[in-house]
Amino acid sequence: MPVLTLSKAINTGLRQAMEDDPKVVVMGQDVGGLGGVFRVTDGLQKDFGADRVIDTPLAEASIVGTAIGLALRGYRPVCEIQFDGFVYPAFSQIVSQLAKIRARSGGTLSVPVVIRIPVGGGIGAVEHHSESNEAYFAHTAGLRVVCCSGPQDAHWMIRQALQGQDPVIFYEPKRRYWSKADVADSARDARVLPLHRAQIVRPGRDITLLTYGGMVQTCLDAAAAAADEGRDIEVVDLRTLSPLDLDTIARSVDKTGRCVVAHEAPTFAGLGAEVGAAVTERCFYRLEAPVLRVGGFNTPYPPAKFEDQYLPDLDRVLDAVDRSFAW
Amino acid sequence: MPVLTLSKAINTGLRQAMEDDPKVVVMGQDVGGLGGVFRVTDGLQKDFGADRVIDTPLAEASIVGTAIGLALRGYRPVCEIQFDGFVYPAFSQIVSQLAKIRARSGGTLSVPVVIRIPVGGGIGAVEHHSESNEAYFAHTAGLRVVCCSGPQDAHWMIRQALQGQDPVIFYEPKRRYWSKADVADSARDARVLPLHRAQIVRPGRDITLLTYGGMVQTCLDAAAAAADEGRDIEVVDLRTLSPLDLDTIARSVDKTGRCVVAHEAPTFAGLGAEVGAAVTERCFYRLEAPVLRVGGFNTPYPPAKFEDQYLPDLDRVLDAVDRSFAW
Amino acid sequence: MEPVQLLDPDGELSPHPRWPLDVTPDLCRDLFRRMTLARCFDDEALALQRQGELGLWLQSLGQEAAQIGSMTALRSDDYVFPSYREHAAGLVRGITPAELLIQWRGNAGSGWDPSRYRFHINTLVLAAQLPHATGYAMGVGRDGTDEIVVAYFGDGATSQGEANEAFNWAAAAEVPLLFFCQNNQWAISTPTQTQMRAPLHQRARGFGLDAHLVDGNDVLAVHAVTSAVAAQIRGGGGPALIEAVTYRMAGHSTSDDPGRYRTPGELDTWKDRDPIARLEALMVARGWLDDELRQELAAEGAALAAETRRVCRELPLGDMRALFGSVLAEETVLLTTERQQYEALVASYID
Amino acid sequence: MEPVQLLDPDGELSPHPRWPLDVTPDLCRDLFRRMTLARCFDDEALALQRQGELGLWLQSLGQEAAQIGSMTALRSDDYVFPSYREHAAGLVRGITPAELLIQWRGNAGSGWDPSRYRFHINTLVLAAQLPHATGYAMGVGRDGTDEIVVAYFGDGATSQGEANEAFNWAAAAEVPLLFFCQNNQWAISTPTQTQMRAPLHQRARGFGLDAHLVDGNDVLAVHAVTSAVAAQIRGGGGPALIEAVTYRMAGHSTSDDPGRYRTPGELDTWKDRDPIARLEALMVARGWLDDELRQELAAEGAALAAETRRVCRELPLGDMRALFGSVLAEETVLLTTERQQYEALVASYID
């Protein structure tokens, strides 16, 4: 495949899924003629029709709720939530219905709904447009939660999400929508990993840096900078947030003996807490310092002019790395 | 004061707050004539009138939303959410409005809304009536989250919650509503702690057992059982979930060197993860075993006949204690 | 606007020009039988709860006509989304007492296979099933088949955002969906006038739904109106709403104490409008209800009650371990670990 | 039902029996001046965004009559809940350009003191302000004062559950609240007919709200209807809704590309209904708009534009450290720790 932007990589992934499975329908606000505010569904309505690419009324609870109904009828809806901060009106449908219907039916009912959420900050947006709410859904039993960080994963992960029988919260890092990379054109390509596998995106000996989504690039940059100072950081892209791929994670920490986890969301009760607690249980005797967390501050996401200070950057990541070594 | 049930202790706390402050209004489903399904507001409408004890339409989003409006107007609403599983329709109002209005207004606007939520299992209820969703709100910057475990705290904590300027999520453990205890009748009574203070409810030397709400009694029972085997467990009632009282917690773990955290909610990305990660950072060199977590399984809350197996009981708590010592 | 009524509280039948119904002995006997048996079942379930055999029970007492009059007007392949009080409706589809009771005994999350009965599992989160029904109906429309979808809900549920989103969405998308509201006057202790200022059928019309008000205690009126409206939806007429005026003759649930908020007098007024007595009066007057049929029904009712009691006590209790495998299509490593820890712990008790 | 109109697109004035208005030169000059200046401000803000001085801008272009006609009909102590496009409305209350711009420059979460202007901060989560307005109005009712509360929102927001919950709640609780919908035909790329099947004013009546449809590009009609409805609410008449038919002449926001979903022809039709040109035609015909006034206004507009540009560039940027103290009334230990770590890190860069 040619080099694609992350936005286009999902677009082609959706297109492929729609061609492979006539039951796949895309729905959300402005996903049709406009192609979505991030153009992820660009051209799909033109090619698959308004019955399969549905411009919905402006009601998130019902976007998810009707998707559940469509899934019960045998369809595979992919819902687009326009921005992370607007998924909350659908929270009850996601947490009490989507996540629980299988268990409530004793495992007999499947509701394979995929909810796409452009996530995180870094694009200078106004309030409610830069939220990182993955911890809410990771804590919700009955959901699978994944987050892509680049075009290759974005394309294949959305296709994999549309092949399973479970609901999937699919995060797309806004600030990476326009970053480009080559995308494998066959599922047999070695770069195509299983959906619930973490990936070592930069091998290293000295310390494990766990992250996902928009922060992966930040952490790679940090690792590059640290390398100049002779510090060899292993960067792991979690990719799957629920379930976590603890085997890959623990293997890395057992090797390095140190661990920092970085994400955009506030650290308090964030996903980094789970990662830290789990890693500590798995690698207790091996850890030379506690798992340190770098994240957004425990405040609402700030106005755009402050986001560079709010979002963990190279300096804050390396500061945590330094603190780990100084422990 | 006489011995009161937890339900009655909150009832008298609300009554006192309403007498002290004419701006306090109680609102929710069936809180008036019925006095709430758990009778927490029993008699209040009779004595304070339908303008201050408001039977609302059946719409949680608007119960919280109108409470925000009332708070902006200078009132102090106390919202009752009938059962934990029904707070989700109000999630957007709580997370995007209630929690953020102060920050969005640069710290100038106060919305002192208290949201009372009967929480957790153990009463043989049907689906959605036994949820433990504190982690969602603890992860939400801009909220204070507390959980009482007995009548004394219930009475004073609700009064303290109604004195601050911030939104408070106030959890009431359903299965303890009818447990009785003596309640201090003066704020100067030594038993009346600040709202955001954890409490050592059973001092011990060997290991720290952190918990809150309905699990406090379970953990005290576990401690008593362990005592027979000569194991001295210190039980700490967290009381405040956000912010956490890490000083009290760390002091205890520094003393014992071991820590188990127990709650009803699923452990994955639950509050125990935050406690574990934070304690590990604070007490790294002192810990002789990783902080172990005991919680509900990572499944939706099961049908009533299974809740005894689902909820962490004395055996599962002690099993974790044993594993900690065996580490 | 007066609710559509064919049969008045005294059993007087007066045909309605707009809602014709061929009132045959067989139709009346069938409806009478179903309502009588539903009530026997409901009574027995109540008794079972009082004796501790069920954790909770929400009676359909008084709402038999609304549920049975409407369900019998549907085609067997029309897909139904109940709320949680639709036992009488479920019986019409042949759902067994055991299947209806197991959730309330606390043995399982739900009791029956929705695809088998074309009757979805209960939804206890108020109004949450209305967007589901709307989406399911979108699917029916896309499949081009001629089933319709029916969603039951109560007066209180109509205050929920999701209910109104569904009214609006269904109208805008013109899906084959019938919203059926049982306005039983109460939402636990909250009367309808606290929920809304204008009647629901008026609100529904405001959304662009075809809406009708019917005497929900008149099984013939409910049957006639639902039959006609269902046919209209099936014919491509778009979504509609029926508001059935009825009454919750029991408490909200076995945990409720209605004495705290409503007068005995109110209950008495509604007892005079009892849906079963009303049809009985008509049948007696027409000589459609002889002793033989009465005895037959009494026997059938007693058998159903006995059967209900028997199966309730024998309801299977699954294995906790199955829970871990019912969360996701494939058990995750975390779930497997937890299951194994759980199994090990249980095993450790044995020795 | 035809929207109430006093002034047709060509500036022909025809009095409306039901909605009397004393159309004086002063009234027209005041409304014309406000609309003209609001558009100057809007144009300048757009230019500033294009030049990178603002992160985002949502134009009120074309909606000046709806906002100004209604705001000028309120009492200065009536409390207003805007959505996010109500710049013209804010100007009526004297909110300054700097205060209106700072949020969009990204320097602050909101720009003005709501208690000072009786104009709440913007709410960007669609319809979330409607329950707030309902609750605020409950408070007004309890305080027994005679202000009313007004909430602005768009056509798209009406699909949200919270909007409909508020319509229902406000009607049931009979609070002194005016819902004001600017139906500008679009919600980003979604046309009104995708949102709803029946017009909003009809839906509102279904909830039991007194509802009216008005030509939102006719500032005199909006002013007349809002004045009368506000008086009625103030007099204890209960909540009401006004649907103003207008048009979003610009894209949804500066990030939007309307060319993708609407035709130039559509825009042209609406340009012929421009709210300012229409009033201008009337004033010219009546000789109420002489060159002197035109020059005066041109100068005032140019001054406002210059002022807007100047203050925008000089908008203060607070200190990141203040963020930690703005989350809760008292900074928690966690926030203090984070602030100190942050300060230490910043300090470490300096040396």
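As written, the chain order gives the labels A, B, C and D, with residue 1 at the start of each chain.
Methods note: contacts are C-beta pairs under 8 Å (C-beta built on N, C-alpha and C of every residue); 3 or more make two chains touch, one makes a residue touch a chain.
If you want to know which protein each chain is, UniProt gives these names: A, B = 3-methyl-2-oxobutanoate dehydrogenase (2-methylpropanoyl-transferring); C, D = 2-oxoisovalerate dehydrogenase subunit alpha.
Being a predicted model, the structure only gives us computed values, none of them experimental.
A.B. asks: Name the chain pair with more contacting C-beta pairs, choosing from B-C and B-D.
C.D. replies: It is B-D, judged by the count of C-beta pairs in contact.
A.B. asks: What's the chain with its C-alpha centre farthest out from subunit C?
C.D. replies: Checked the centroid distances; the maximum from subunit C is D.
A.B. asks: Using mean C-alpha positions as chain centres, tell me how far subunit A is from subunit B in Å, no decimals.
C.D. replies: The computed centroid separation for subunit A versus subunit B comes out at 31 Å.
A.B. asks: If you average the CA atoms of subunit A and of subunit D, how many Å lie between those two points?
C.D. replies: 36
A.B. asks: Using mean CA coordinates as chain centres, what's the gap between subunit B and subunit D in Å?
C.D. replies: It comes to 41 Å between the two C-alpha centres.
A.B. asks: So which bits of subunit D are touching at least two other chains?
C.D. replies: Touching at least two other chains: 108-109, 125, 159-162, 165, 168-169, 172, 194-196, 323, 326-327, 334.
A.B. asks: Do you know which subunit B residues sit against two or more other chains?
C.D. replies: Residue numbers touching two or more other chains: 56-57, 59, 61-62, 85, 88-89, 92, 96, 103-104, 127-128, 141-142, 268, 297-300.
A.B. asks: Touching residues of subunit B toward subunit D in the complex: what are they?
C.D. replies: Subunit B reaches subunit D through residues 25, 51, 56-57, 59, 61-62, 64-75, 77, 89, 92-93, 96-97, 102-110, 141-142, 144, 164-166, 196, 243-244, 246-247.
A.B. asks: Help me check something: in the complex, which residues belonging to subunit C touch subunit D?
C.D. replies: 158-162, 164-165, 168-169, 171-172, 174, 193-198, 202-208
A.B. asks: Subunit B touches which residues of subunit C in the complex?
C.D. replies: For subunit C paired with subunit B, touching residues are 55-56, 103-109, 124-126, 156-157, 159-162, 187-190, 194-196, 255, 257, 260-261, 317, 320, 323-324, 326-327, 334-335, 338, 342, 345, 349.
A.B. asks: Looking at the complex, which residues from subunit B come into contact with subunit A?
C.D. replies: For this pair, the touching residues of subunit B are 61, 85, 88-89, 91-92, 95-96, 99-100, 103-104, 127-128, 135-136, 138-139, 141-142, 242, 265-266, 268-274, 276-278, 280-281, 284, 289-293, 297-300, 327.
A.B. asks: Once bound in the complex, which stretches of subunit A touch subunit D?
C.D. replies: Touching subunit D from subunit A are residues 29-30, 32-35, 37, 55-59, 61-62, 85-86, 88-89, 124-128, 268, 297-300, 302-306, 309-310, 315-316, 319.
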